[in-house]
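Order of writing sets the chain letters: A, B, C and D. Residues in each chain are counted from 1.
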C-alpha cells in the first residue's frame, strides 16, 4: 500500500476541516468527497485537488480504489454508513457520537469487529498538546493515584435553535467530549453519574427539553471521583481546562491564548481572551488525529480512540440524561447487559 | 466606651491566634483568657500583657469589666457559653460551627437575639484579600448573573485520628467554610445538595464513618448551581481557589504563593508551592475579622457574618451528610421547620 | 499573473524551511531550487514537487518563467545575486544580513531601486503573533509615547566554531534581529549605541574576536531609550521577550511554551520550558513572512520589511561592533554619508 | 542587656514608618524621637507610647539610656549625627545615602569603625520576600555563574519639584537602591558604569540638571554584566522586578499584586495593577530590616547591610552621574584611592 486513499462522506464544517487537513498529509490521497449538495462544493473540492465529488455516498463506499472512509454526515446516518463501509472492508473514521441509540451503536461495533476494519471516533481533544501532556503526567505517576478529575468545558456561544432541536441534548452533543476526556485522563471507566443542571443562558433550551448549564459528578470504577462543568455561553471565549488531583500532586491546564502579550495601564493589567472556539483551539489536534488514524492503517496498529471509547462516552451521556430527568444519581450498571457484550 | 475589653475562652491554637491579633488593635484591651490548662499558658499570656488567666471561664463571663467574649473552646461547649454570655450581655465572637445540633444552634441564635448582643461567626475566609475582591467583582455586576460557583478547598494534611473522631465529619468540620464561601460569593442561600465522596487519603476516615475526598454539588435559591471539591491531603500545600462564572464573564482566584520568584533550568520552569496552611494563608484575614468585629461593637453596626450565616452553613453541612449517607440529592427544605423559625 | 513562480537559491536549513512553507501557499508555484550540493537534495525536492534542481543558481535567475527569487545562500554571495536578480527583473526575498559591508549593502539597494523590483529582508520576527500584537498595542497609543524599549534575546545553544568563525560576529549575526525588533517596536530609527559585553559561555568566541554575552544600550531618534540583552546559551531554551514602556503604560510579552500544563508536587510547581529554538518558536512567523511577500507581489504593494530596514539594522550592528571595540558610545551619524544616500 | 532602647532622629515619612514598626518588636523599647517640628508629632508619638519627644536630637544621642539611633533626618545631616552617635557609643541605623560626598561618607565609616559600634544602611529591599529568595537561588548555585543581572525599578509618580531640587539626582536618590540590589544579587562589586538617560516624564527634571528615565549598564568585578532601567513615572504602579541569568538557568521575580483575582470578560482578561508604591510593596521588608538590626545588636553579629555596602552604592551612583555628564563609560577605579581605604 503506497498511499492511503481516502473518501469523505459529508462536507459540512467538520467534513471540510478534515478534507483540508488530510490533503496536507504526504501519505494520503483524498480521492473523493460526497455531499447532498455536491454542486456547492465542487469549486472548493477542485482547489484541494479532490478528483471525485458526488451526491451519492454509496459510490465512494463501493469504490475499490478507496481504503478508508471519513463519516462526517449527520449522526442519524452514521450506523447505516458504518455497516456499509465495514461490509466493503473500508477503515472508518467516524465523528461522535456513533449514534443516538446504544443498541445501534453496539451493533455498529459488532459489524466493525467482524469485518476486521479499523474504527476511530472523532474525540479530537485527546490529541491536543495540552491534554496529551496532562495524560502523560498522570500516566507517568508524577501526581500519584488520581483522586479528583475536573473538566471545565464551556462554549463561547450556543448553537442555533435549529441545531439544538436535533442535537440530542447537551450530554450527547457537547458533554460527550468531556466524558471521553474524563475517561482518558483518569484511565478508568465511569460507574455512576449525577447531574445538576439549569437553563440560564437561553430559554430556547427549555423549549426542547434541553439545558444550557450543567455540573456533572462522576464516580469512576478505579475509585476516584470527578466533576464536569458546562455552559453553552462563556462570553470570554472557549473555556477548556482540566485538572487531575492525585495522591502525589496535581496537574492543571490553563486555556490557550492567541498571544502572551500583557498590557499594564493606569486601570489594570490585561491580556487577550482565550482562543475563540474549537476551530482555533483544536486546529493542531484535528491534524494530529487524522495523522494518527492514517498511521494506524499504514502500520496496522490499533486506533487510539476506538469503538469501545465511543460507546462508553455515549453510555455516560445517557446515564447523565437519565440522572437529569429523574433527579437522582444513575449507575452505568443500569445499562449493564449492553456494556457486557462489548467489554 | 473607650476601649473594647475582651475575654477569650479557650487557648488552643485558634484562641491563641485571636489573642495575638487582638492585642495589636489599639481600640482593644485583652483583659482575660481562660483555659482548662490555665497554668500552661501563663507565661505566654503575660508576655502579651493579659492581666487575668483562669481555668474558670465563668469568671470571665461574669466580669463586669468585659464587653465581649471570644468562644474558642471545643464545639460541644459553644451553646452553653453562648447562653451564659448572652445572659450576661456580652457580645460574642464564636468559632464555627456553633454546635453539632441544629436545634441547639437555633436556640443559641434566639438567646442572642433576645439579649440584643452582637454575634459573629469565625468564617475568616470572607475577610481574605482575594475572596473579598471576588465578591466585590460579583456584587458590582462585572460578571453578570452568577451561573456556576466553584470552590476548591484542600488541606495540606489530614488532622490526627483523635481529632477526626470528634470533628463531626468533613462537612461540619472542613467544608462548612466552603459552604459559607459559596453563599457569600453567590449572594444566595442553598436549596439542594448532592455529595459524591470517597476515602482515598487514609482508611482511618472510614473507621469513623467519615470521608476524606468529596465533590459536593449545590443548587442555589437564585437558580445558579455550584460545586465544591475537597481533599484532606494536597501534598503541594493548602489549595484555596474559587471561580464565579456568570452571564457577562468569569472571575477566578489563584492560590497565594510565598513569593513571585520563577526559576528556569534545563529541566523545567518552577516556582514555590502555595502557602502551607490556613495560618500562613489567612494570616491577614484573621486580623481583619477581629478588627471588623470590634468595629461593629464600637459603632453599633451589624456583624458581617452573623448567626443566620452560621446556621445556614450548618444546615448545608447536615444536608450534605444526609446526601452522602443516603446516596441521593437532599433539599434543605427537608429541614424546613427549623429554617423558617430563623429566617 | 496567475501564480507567483518562485526559485530558491541555497538549500541549507533556512532555504529548505522556506521551500516547505512556500509549497503550501496556493498562490505560489515553487519551480526551482539551487544548491552547490544539488544531488543531495533531489529526493527532498522531488517530494515537494519542485521540478528543477540545479547546482547553477544563474539558470534560476535567467529562467523567464520565474517571478521571484529567495536568496538563502551564504551572506558573502548575497550582493552578487541581488545584482543579477535585479538586472533580470526578479523580485527578491533576501535573508539577513544583506552583506557584511555597508557600501555593498547600499549598492544592492540602489540596484534594486533602479530595477523597480520588490525586496524583502528575512526579519521573520516581525510576523510573530506576539511581537505583531505588541507593535499593534504601541501603534494604537495604548501605552502612550514609548520611553523604554527592552529586548531579551538568548539562544539555547551557541553555533559551531566553524559557524562562529564566518558569522561576522554576534551583532551582525544574532543581534541584528533584535536591532530590527527595536526599530519595529519603537517606530523610530536609532541614533546611538553602546555595548557592554563579555565572553562567559565559551572561550572559543574570544578566539575569533567575538563575544557571547552582551548588553546593548540604544538611543532612538524619537528620544526614547532602549536596551537589548543577548546570550548565546540559555540552558532553558530560546528566550525571546520584549517590553515597551511608555507614558501611559507598558506592554510585555512572555515566552511561548509548548503547553499550558502546570504540575504541583511536594517540591514545587513547575511547567515546561519555553519552545526550544527559532524553528519551533517562529514556525508560524516564517509562514507569515512568505505569505506577505507573495501578497506584495500579487497586489503590487510595498514589502513590510524593506531594504532600508535591512540597511538600518546593519548600521546599528556596525556601530555596536565599533562601540565594543573602542569601549565608547557610538553615534550612527559617524556613518552619516552612507545613511544620507539611502534615506 | 534586656531590651534594646532606641531613639529616632527625624520624624518624616520614613522616621514614622520605622517608629511604628519598632514599637511592635518585643525586644525593643522606643524611648525617644526628635524632629524640628516636635510639637506636631506629640500626639502621634504618645499613641505609640514614646516617652520623650524633642526638637533637640543631641539630647537623644547623649541619653545614657539609649542603645541605638535611627538616623531618618535629611541626608545633609547624616554625617554629623553619625559622628556624634559613634562618639557616644551608640549603634546606628542610617537611611540611604550616608551623604552626598564620598569623602564625608568615608570619614563616617572610619569613625564608626573606630568607635566599634554597629552600622546598618537602610537598603530595605534586601529584606523583601521576593529578592531574598532570588538571592538564595543564586547563592545556592541553582542558576550557575551569573552572566546577566537585570533590575527594573520604576516609581509610580515623580517626587515634588521641591524634593527633586535637593534629592541629589536620580542616581543617588532612587537608583542607589538598585545599585545595592545589583551588588546583592550578583555577589560582586561593580567595576564600570555607563548611563543612557532622558527627560521624558517631566521637563522639571531638566531644570535641576536631573533626568527621569535611565538605562544604566554595569560591569561587575566577577566578570558578569548588568543593566538597570529606571523611570520616575510608571502609571500602572511601582514596578520592581529583577532577573539573574546564569550558566545553568535564570531566576526572575514578578511584581507583587494586591490579590490573585482574574476577571474574564467579553473584552479581555484582566487583574489588578501591582501594589502602588514602596510603603505597600515593602511593608514587610521594612519590618524585617529593623528586626535584623535589633538582632545584630542583641547577639553581637555583623549587620547584613553595612557601611561598605553604603559606600559602594554611593560610588556607583557617582560614577553613573559622571557617565551621564561626560557621555562615556566610567570605571569606579577613577575613584580608586577612596575605595582602597575602606576595603
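Following the convention adopted for this analysis, contacts are C-beta pairs under 8 Å (C-beta built on N, C-alpha and C of every residue); 3 or more make two chains touch, one makes a residue touch a chain.
Listed by chain with UniProt protein names: A, B, C, D = Myo-inositol 2-dehydrogenase / D-chiro-inositol 1-dehydrogenase.
Model, not experiment: these values are computed from the prediction.
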{"item": "Pair joined by the larger number of C-beta contacts - A-D, A-C", "value": "A-C"}
{"item": "Matching chain pair for A-B (criterion: over half of the contact pairs shared, by residue number), options C-D, B-D or B-C", "value": "C-D"}
{"item": "Computed distance of Cα centres, chain D from chain C, in Å", "value": "42"}
{"item": "Between chain A and chain D, centroid-to-centroid distance (C-alpha), Å", "value": "59"}
{"item": "Separation of chain A from chain C, taking each centre as the mean of its C-alpha atoms, in whole Å", "value": "41"}
{"item": "Residues of chain A engaged with two or more neighbouring chains", "value": "234-236, 248-250, 264-266, 272"}
{"item": "Residues of chain D defined as touching chain C within the complex", "value": "145, 147-148, 150, 154, 192, 194, 196-198, 200-201, 213-215, 217-219, 223-227, 229, 231, 233-236, 239, 245, 247-250, 327-329"}
{"item": "Residue ranges of chain C in contact with chain B within the complex", "value": "234-236, 264-274"}
{"item": "Parts of chain C lying in touch with chain A, wherever the complex brings them together", "value": "24, 26, 47, 129-130, 133-134, 137, 142-143, 248-256, 258-266, 272"}
